[in-house]
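When the chains are written out, they are named A, B, C, D and E in that same order, and each has its own residue count from 1.
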Amino acid sequence: MSAPSALRTPWLPKLVVAPSFVLALVFIYGFIAWNGYLSLSASRLLPNYTFAGFEQYVNLFESDRFRVALKNMLVFGGLFIGGAMALGLMLAILLDQKIRAEGLLRTIYLYPMAISFIVTGTAWKWMLNPGLGLEHLMHQWGFESFSFDWLVNPEKAIYCVAIAGIWQSAGFVMALFLAGLRGIDESIIKAAQVDGASQPRIYWRILIPSLRPVFFSTLMVVSHLAIKSFDLVMALTAGGPGYATDLPATFMYAMSFTRGQLGLGAASATVMLATVAAIVVPYLYSELRAKK
Amino acid sequence: MGALSIRNVRKTFGPVEILKGIHIDIEAGEFLILVGPSGCGKSTLLNMIAGLDVPSSGSIHMGERDITHLPSKDRDIAMVFQSYALYPNMNVAQNIAFALEMRKVPKPQREAAVQRVAKMLQIGHLLDRKPGALSGGQRQRVAMGRALARDPKLFLFDEPLSNLDAKLRVEMRAEIKLLHQRTKTTTVYVTHDQVEAMTLGDRIAVMKDGVVQQFGTPDDIYTRPATRFVAEFIGSPAMNLITAQRSGETLLAHGIELAASETQRAAIAQAAGPELVYGLRPESLQFADAGLPGTLAMIEPTGPETYVLVDTAVGQLTVRVPGNTQQRVGERVHLQWQPQQAHLFDARTEARVV
Amino acid sequence: MGALSIRNVRKTFGPVEILKGIHIDIEAGEFLILVGPSGCGKSTLLNMIAGLDVPSSGSIHMGERDITHLPSKDRDIAMVFQSYALYPNMNVAQNIAFALEMRKVPKPQREAAVQRVAKMLQIGHLLDRKPGALSGGQRQRVAMGRALARDPKLFLFDEPLSNLDAKLRVEMRAEIKLLHQRTKTTTVYVTHDQVEAMTLGDRIAVMKDGVVQQFGTPDDIYTRPATRFVAEFIGSPAMNLITAQRSGETLLAHGIELAASETQRAAIAQAAGPELVYGLRPESLQFADAGLPGTLAMIEPTGPETYVLVDTAVGQLTVRVPGNTQQRVGERVHLQWQPQQAHLFDARTEARVV
Amino acid sequence: GEVEVLHWWTSGGEAKAAAALKLTLQKGGHRWKDFAVAGGGGDSAMTVLKSRVVSGNAPSAAQIKGPSLQEWAREGVLANIDDVAKAEKWDELLPKIVSDGMKYKGNYIAAPVNVHRVNWLWVNPEALKKAGAKLPTTWDEFFAAGDALKKAGIIPLAHGGQNWQDFTTFESVALGIGGAEFYKKALVQLDAATITGPQMTQVLETFKKVKGYTDKNAPGRDWNLATAMVIKGEAGMQLMGDWAKGEFIAAGKTPGTDFVCTPAPGSAKAFTFNVDSFAMFKLKDAANVAAQKELAKEIMAPNFQELFNLYKGSIPVRLGMKMDKFDDCAKASAKDFVDTAKAGALVPSIAHGMAVPSAVEGAIKDVVSQFWNDDKMSVADAQSRIASAAKTK
Amino acid sequence: MNRLNIHRVLLWGALLLFAAWFLAPLYVMVVTSLKDMEQVRTGHLLSLPTDPTLAAWAKAWSTACTGTDCGGLKPFFFNSVAMVVPAVAVSTLVGALNGYVLAKWRFRGSETMFALMLFGVFMPMQVVLLPMSQVLGWLGIASSIWGLILVHVIAGIPSTTLFFRNYYVGLPDELVKAAMLDGASFWQIFTRIVLPLSTPILVVTLIWQFTNIWNDFLYGVVFSGADSKPITVGLNNLSNTSSTVKEYNVDMAAALIAALPTLFVYIVAGKYFVRGLTAGAVKG
C-alpha cells in the first residue's frame, strides 16, 4: 500500500522532519567529516588542524592492538547481536503465551538494562572469575573437575564480554519484539490456527515475518549497542587480559583521550565507521527498497 | 467425514449473552446455511466450531468426538473468515499453500492445488502479489482459495462471496456447489444472499438474538416459516404482514375481511390470542380487476422484475411483478391472492398458526 | 454542491495500468452507481476522487474547481471504505463523531448527529463498544455512520452494505435513498448488488478493465446494454448468449434459426462480421408447447422464483420462472421468446448491433 | 576568585587531603569548585579535561603529571606560575629531576604534590614464616621464596589485572636485573640497542618467570584485591607502589610486624618515582588567576605536604620536611628519595606515566602486557616489538 | 488437555530458568549491599548476610564521599532527574513525529533522509565528545544541564525515529486516509489516531531513552558542570576509588539506588504492553 503521499501540502511533514534532519547532518555527518579531517591531521593531545597525510592510517594498520580490536568487534558483534536477538525473540515469544506473571517476568528480564554496568560489571567479574564465582562455587559443591576460566583466558575472555552483554540487552530486545507482537492483528493468528499451524510454526511463519520492520529496528539498536559496548568492556575486563578484549571503541578512546594520539584515534574511528557502513549500508538499502 | 453436532452452546462476552443455547445437528456431508440478522452471533458460532473460541457452556461434537476443547489445528477444518485474515507477509500463492504446507503436503501437490484454486477463483494473475496490493474482491477470493485448496473434514464459510460482483458470485456459487457435490464435505456457510441460501443449502438454520428460530430445508423455511421473524427475514422484498383481529372464523384488518382457506379458518377459530398476523409474499399478490383496492405508491424496477408498492386499507403492500410494468404511480388498482398462500402467525407468540 | 467531472483519468501501479482513461460527468445532486467486476479499479477511482491517491494523468473537477491535487481534508467528502478503516482506539460514538469534531461542530450537535445515525443504522446499543468487539455487519454500519453523520459536498460509498443481511439491506437502501432525496448530495456508490444499482442510481457507470463500458440510466443499461460485457454482467442470472452465424438476414446457431424482428433482420444484414451474439435474458424465455426443444438439466428454486437450466441444441439456457415449478429434471420442454426481446452483439467487437 | 580543580582523588584518604586543600583556600577567601572524576587511573578525568579545554572552559587546575605536562604545555593552554615558584623558592625545595618536570621552557607550569615510590615489595611475614622462606633481596631469592610459598600452598605473588600492574612488575624486574643505568637507557631514553640487547632478554625472561608465581585468576583483579590477598595471607608478596600501604593500614595492620615493606628485589639502591602534580591552566578572570596562584602556593606549603602525604601513603615532594609523623616505610622512602637522587638512581616510573610521552608509554605497556598474558609470545618477539613501540610518535 | 499441561510446564521451566540467570547478578548485588564490610571480606559470593543491614544503603544515599563532597548520591540523583525528564520527553516526541512523517507522509527523498538519520545510531559516542564540546562552547551551554539535555536529545533522535517509524509502517494506511477524509489535519491525525495506537512502542522508546540517558556516563561526565553532574558520575566516583579499601557493599547499594528510577519506569510503563490494538480496524 502506498502511503497517502504526494499531495500538495507536503511542506508541513517536511518541515516537521527538517530540524531532525539538519541536526543529523550537522551532528552526524559534520562530526564524521571533522573526525575524518582529524585523522589526516597532526593532532596529538588536542585537535590540531595542520595536515599530515595518511600517516595515522599507516600507524593504525601496523598496530597489532587495532587488528585485535577489529577482530574482536567481529567476533563480539556476531555473538552479541546474534545472541541478544535470538534470546530476546525467544523471551518475547515465551512471554506472549498469556502468562499470568507476565508483568513480573518482563521486569526481571528487562532490569539488567536499568543497572549501570559501572557496578554490575563488578558483580559479573565476581561471578565469572574462576577463583570467586561459578567455578569456585562448583568446586565447593563438589564438582572438582568443573572449569570455567574464560574471563582470564585471553582467547576466551571476549566470550565473557558477549555473555554479559547479552545478559544486559536481551531484555530490551524482548521488549521491542513484544511490542511488535502486540501490534499484530489477532485474526491472522486465528487463520493460521485453522490452517493447522502449530504454535511454533505460527510464530516462525506468520508472526516473525510480520515483525520485519521491528526486526530491522532491533538489529539496528543491538548493533548500536555492540559498537558502543564501551562500559561493558571497561567494567568487565578493561580490555584485558593484555588487550585481548579490546574493541575499536575502547581502542579509539584510549588513543584519543589517554594517550594523546587524537589523530590515531580519529583514524581508528574512521576505519570503524567505514567497516560498519560497509555492512550496514547495503542492508539499509535493501530494507528500505523492499518497502516500495 | 463427520456429522456436526452443536449441543446447547452458550457464549457470553462480559455481561452480554450472545448465544443462548444453540442446538444444531447435521449429518456428515450436509451443507448447512446459517442466516440471521447482523450481530446475531453467526461468526461467533463459526469461531467456536473452528476452535478459535470456547463456548461458555455446551459442547460441540464432530462424528463421535467431543471437540469442544480440541486445539484448532487438530480439527482439520478449513475456514473463510469474514474479515479475510490474509497473511500480509505472504503473497497470494503462499497464502493459499500455507495450510497445505502445515499439513506436510509435498511441494508439487501444493503447487498443483494452488493452480487449481487460482483457476477456479480467477486469480491466476495475482499469485505473486501481496494482499496489500489487491482489491477487496480479490482479497476475498484469496481467502476462499485458502480454504478451497484443502480437503478438510469440515468447511466453514463466513459470507465468502459478499464482496464479489454478481457475475463472479454466480460462478463461485456454482463452483462451491460442484465442489460439495464432488467431495461431500460437511459445510457450514454463513450468507446474507437469499439465492445462495436457497440454492446451496441442504438445510438452513435461521438465527436471531442467539437462538435458532427455525432449522429446516430451504423449501420449508420459505414456504412454511415457523415464526413471523423467519417469514419476514427470508425473502426479498420481505413478506407483507397484516395484523388482523380474530372474529370467529374470520380475520378482520381495518374492517376488511382477509380471505382464508378451510384449514386456515379452523385454525383461526382455535387460535389462542385475539390478534393474528396475516402474511403474504410479494409474489403471491396479483393485480386484477377486482379484489383489495389500493393506490400505486411507488415503482421500483430492478431489471428482470419490478416491485410495486401499493397503499391499501390494510397498509402498504409490496407486489412483485415480472419484467417491467406500464402502470403509473397514483393509479388505482386491485389486488388478489389465493388464500392458501397466506401465512398465519400468532401476534403475541409470533409462532406460526398454520 | 458540485457536479463531479472525471476527465481522462489514468492510474498505473508500477507496470500495470489500472485505469485507462476514465471519463465520467455527473450533475450536482446526481446519484452515480459504479459497477464492474472485482478488481476493475472502482475503489482506486473512489480513492482518487477522495484525494487519497493522485491520478497518473488526467484531472478531477468538482463544480468549476480542479481538485486533482487538493488535500483530501479540504475536499469536504465523506467516504465509506470497503475495508471500513474504523479507528480501533475509539468507540463507536467517537468514530462517528470524529469527523464532526474535526470540523469544529459543537458538542451537542455532534451528539445529536450520533444519535440520529445510530438510530438510522440500528447501532444505538453499540455506541460504547470498540470496533474490535463488533460483528462484521456492525462494523460496516459504523463505517456508514461515520459518513452519514456528516453533510458533505460529496458522498463516496464503497460497497457499503455488502455485509448486511437482506432485511437490513433493504432498510438501509431505503434510508440512503431517503437521505439522498432530502439532501440531494452528489453521491458515488459502488455496489455489486443489482437491486441497489437499479433502484438507487440516477446513472450507472459499468467499468471493465479500467475502462467505462457504458454510462447511462439504469433502464438503459438493463434494456439496451451497449456491449456484450454489460449485457452479461448486469442481470442475475446472467443473460443467455448464443453465438450465431449470419446467413443473409437470418442467424443460424448450430443449424437452428434464431427468431429476429424486422429491425433486427435489417441490422443482421448490414452487420460487419460473419458472427453475431444473440442474447436472451432468462426472464424473456417461456415454457411453451412448441418452440426450441430442450431437456431440463437443473432446477434452482430461490423462493419467489426458480431458475431452470435447459439443455438445447444452441447450448444451455437459463429460464427464470416465477414461484416454484412442478417440472422434473430430464423432462423434455420447449422454449419460446419474443424476438424483439433479444439483444444482438457483434461477436468480434462485442458492441451492440441492435 | 574561584578555583575549579579537576582531580581523581575520590577515595577516603585522598579525598580528605583534597578537602584539606579546599579548606585552606576557602580560608583565603576563595571558592573551591570540586571537579572529581574517578576511574581508570584518571582516564575519564583526562577526557573531561580535553573537552573542557576544547569548549574554551578549562578548569583552574588539573591533575596532570610526567611528560604529559610538557605535552599540554606545548598545546599552549597552561599558565606560567613562575612568580609563585620564585617567591616560594621552589627551585631549592625540589630535586632537580622533579622540578625539571614541572617546567616548560624554563617556566613553572605545574605544582608537584607528592612522591610515590613504586618499586616496593609488600610481604606478609607470617606467610613467609609458614613457608620457611626469607625476605628476598634479589630475584633469585625471590624465586626461592616463591617456590617455598608454593609448596606451603600459598600463592607466592599477588597480582592484579591491569596493564599498569603488569608494567609495575616489569619495571621492578628491569630495575632489579638491569640496574638504574640500564633502566634509564632502555625505558627512559628508549635506546634501541639497549632494548634489543641481552640485558633486556634477561629482564624479559625473569619477568615471564615471575608470572609462574602468580595465580591464574589475576586478570581483571583490582590491585587492592591483590593486596587484600597478602593481608589475609592467601598470598605471600605483592609488587606494588606505596599506596598499597593504605590498604594494610585500613585493615588495621602495623608496618614492620603485620606486614613488611622492602624494595623490590635487587632495586634497593634505586627508586622509581611517581610524582603527582597539578597543572595550572590559563584563565581569563583575574580574580580566578589570583586564586589559582594561591592554590599553587598552598600545594607546596609544608602543612599541606605533610597532611596530604600522611593520608595518601606517599612522601612529600618538598625536601627537608620533618618526617616524624610518618611511618617506617615512608621514612625509608624519604631517605632513599634523597639518596638516590644524589646517586643518580632516582628514575621515573613508566607504569605511572612519569618517563615517556603517553603514546609511547601506552604502546610499550601494550606489548609488555601482551607478553605477560600471552604465553605464546617469545622473548625475542617481545623485544623487537618493544623496540618498535618505542619508536611511536 | 494433558499435552497442554506438558507445554505449560516446559514453558514455565524455560521462563524461570531465564529468570534465574537474569537475577543472579542482582542477587549478588543485593546480598552484598546488605552485608557489612567484614562479611564481604570473609563470606563468599552467594552467602546470605549473617545479619542484614541497610547501613550501606544509607551511606550510599546520603553520606558516602565522592571527591571532597560527602553528600552521597542524593544531589546527583536530582540532577539526573532534572536532566532525564526533559531529554526523554523531547527526544521521544521528536522521534514519534519523525516516525509518523517517515512512515505515513512519505515524500520524495524521505527514505533517504531516514537512512541518513539512521546511520547516526552507529556513531561511537567517543567521536562526538570533542566537537560537541566545541559546539556547546559556542552555544554557551557547555558545562550546564541544558547542554547535557541537548546532547542527549540529539543522540537519541536516530533511535527514537527508528522505533516509531518502523512501528508506524505496520499501522494500516487506511486509518490515516479515513482521518484525512474526516477532515483531520496533519497534527490531529497524529494526536488523535496515530499516537493513541502507539502505546507499545511508546513504552519501548521511553524505556530505551530513559535507560540510556539515566545510565549514560560519558556524556554526563564530559558535558556537565560541577553542580550538574548526573548520578552516574557520582556512582562512578563512588565505586572507582583508586586506593584504600573498596566498599563493595556501598557500591552495590549505590548501583541499586541509581537503578531504582529506571526500574520504576519499567514497572509502570510495562503495564501498557496490551495485545491487539489494531485488531478489527481494517479487514483484509
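Just so we're on the same page, a contact is a pair of C-beta atoms (placed from the backbone, for glycine too) under 8 Å apart; a residue touches a chain by one contact, two chains touch by 3 or more.
Everything numeric here is computed off the predicted structure, so don't read it as measured data.
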Set of chains adjacent to subunit A and to subunit C: B, E
Leader among chain pairs (count of C-beta contacts): A-E
Distance from the mean Cα position of subunit B to that of subunit A, given in whole angstrom: 58
Whole-Å gap between the CA centroids of subunit B and subunit D: 93
Residue numbers of subunit B (touch at least two other chains): 82-83, 86, 133-134, 136, 140
Residues of subunit E whose C-beta touches two or more other chains: 129-130, 132, 172, 174, 177, 180, 218, 236, 239-240, 276-281, 283-284
Residues of subunit A whose C-beta touches two or more other chains: 1-2, 4, 6, 9, 47, 132, 185, 187, 210, 253, 257
Interfacial residue positions of subunit E with respect to subunit D in the complex: 41, 65-70, 129-130, 132-134, 136-137, 142-143, 218, 221-223, 226, 233, 236-246
Subunit A - residues contacting subunit D, complex: 44-47, 59, 64-65, 125, 129-132, 149, 151-152, 154, 157, 234, 236-238, 240-244, 253-255, 257-261, 264
Contacting residues of subunit D [partner subunit A, same complex]: 40, 43, 46-47, 50, 53-54, 68, 71-72, 74-75, 77, 161-163, 215-221, 357-359, 361-362, 366, 369-370, 372-374, 385, 392
In the complex with subunit E, residue positions of subunit C that touch it: 47, 50-52, 71-73, 75-79, 81, 83-90, 98-99, 102-103, 130-134, 136, 139, 146
Residue ranges of subunit E in contact with subunit A within the complex: 11, 14-15, 18-19, 21-26, 28-29, 32, 44-46, 94, 97-98, 100-107, 110-111, 113-132, 154, 157-159, 161-163, 166-167, 169-174, 176-177, 180, 186, 200-201, 203-204, 207-208, 211, 215, 217-218, 232, 235-236, 239-240, 248, 251-252, 254-256, 258-259, 262-263, 266-267, 270-271, 273-281
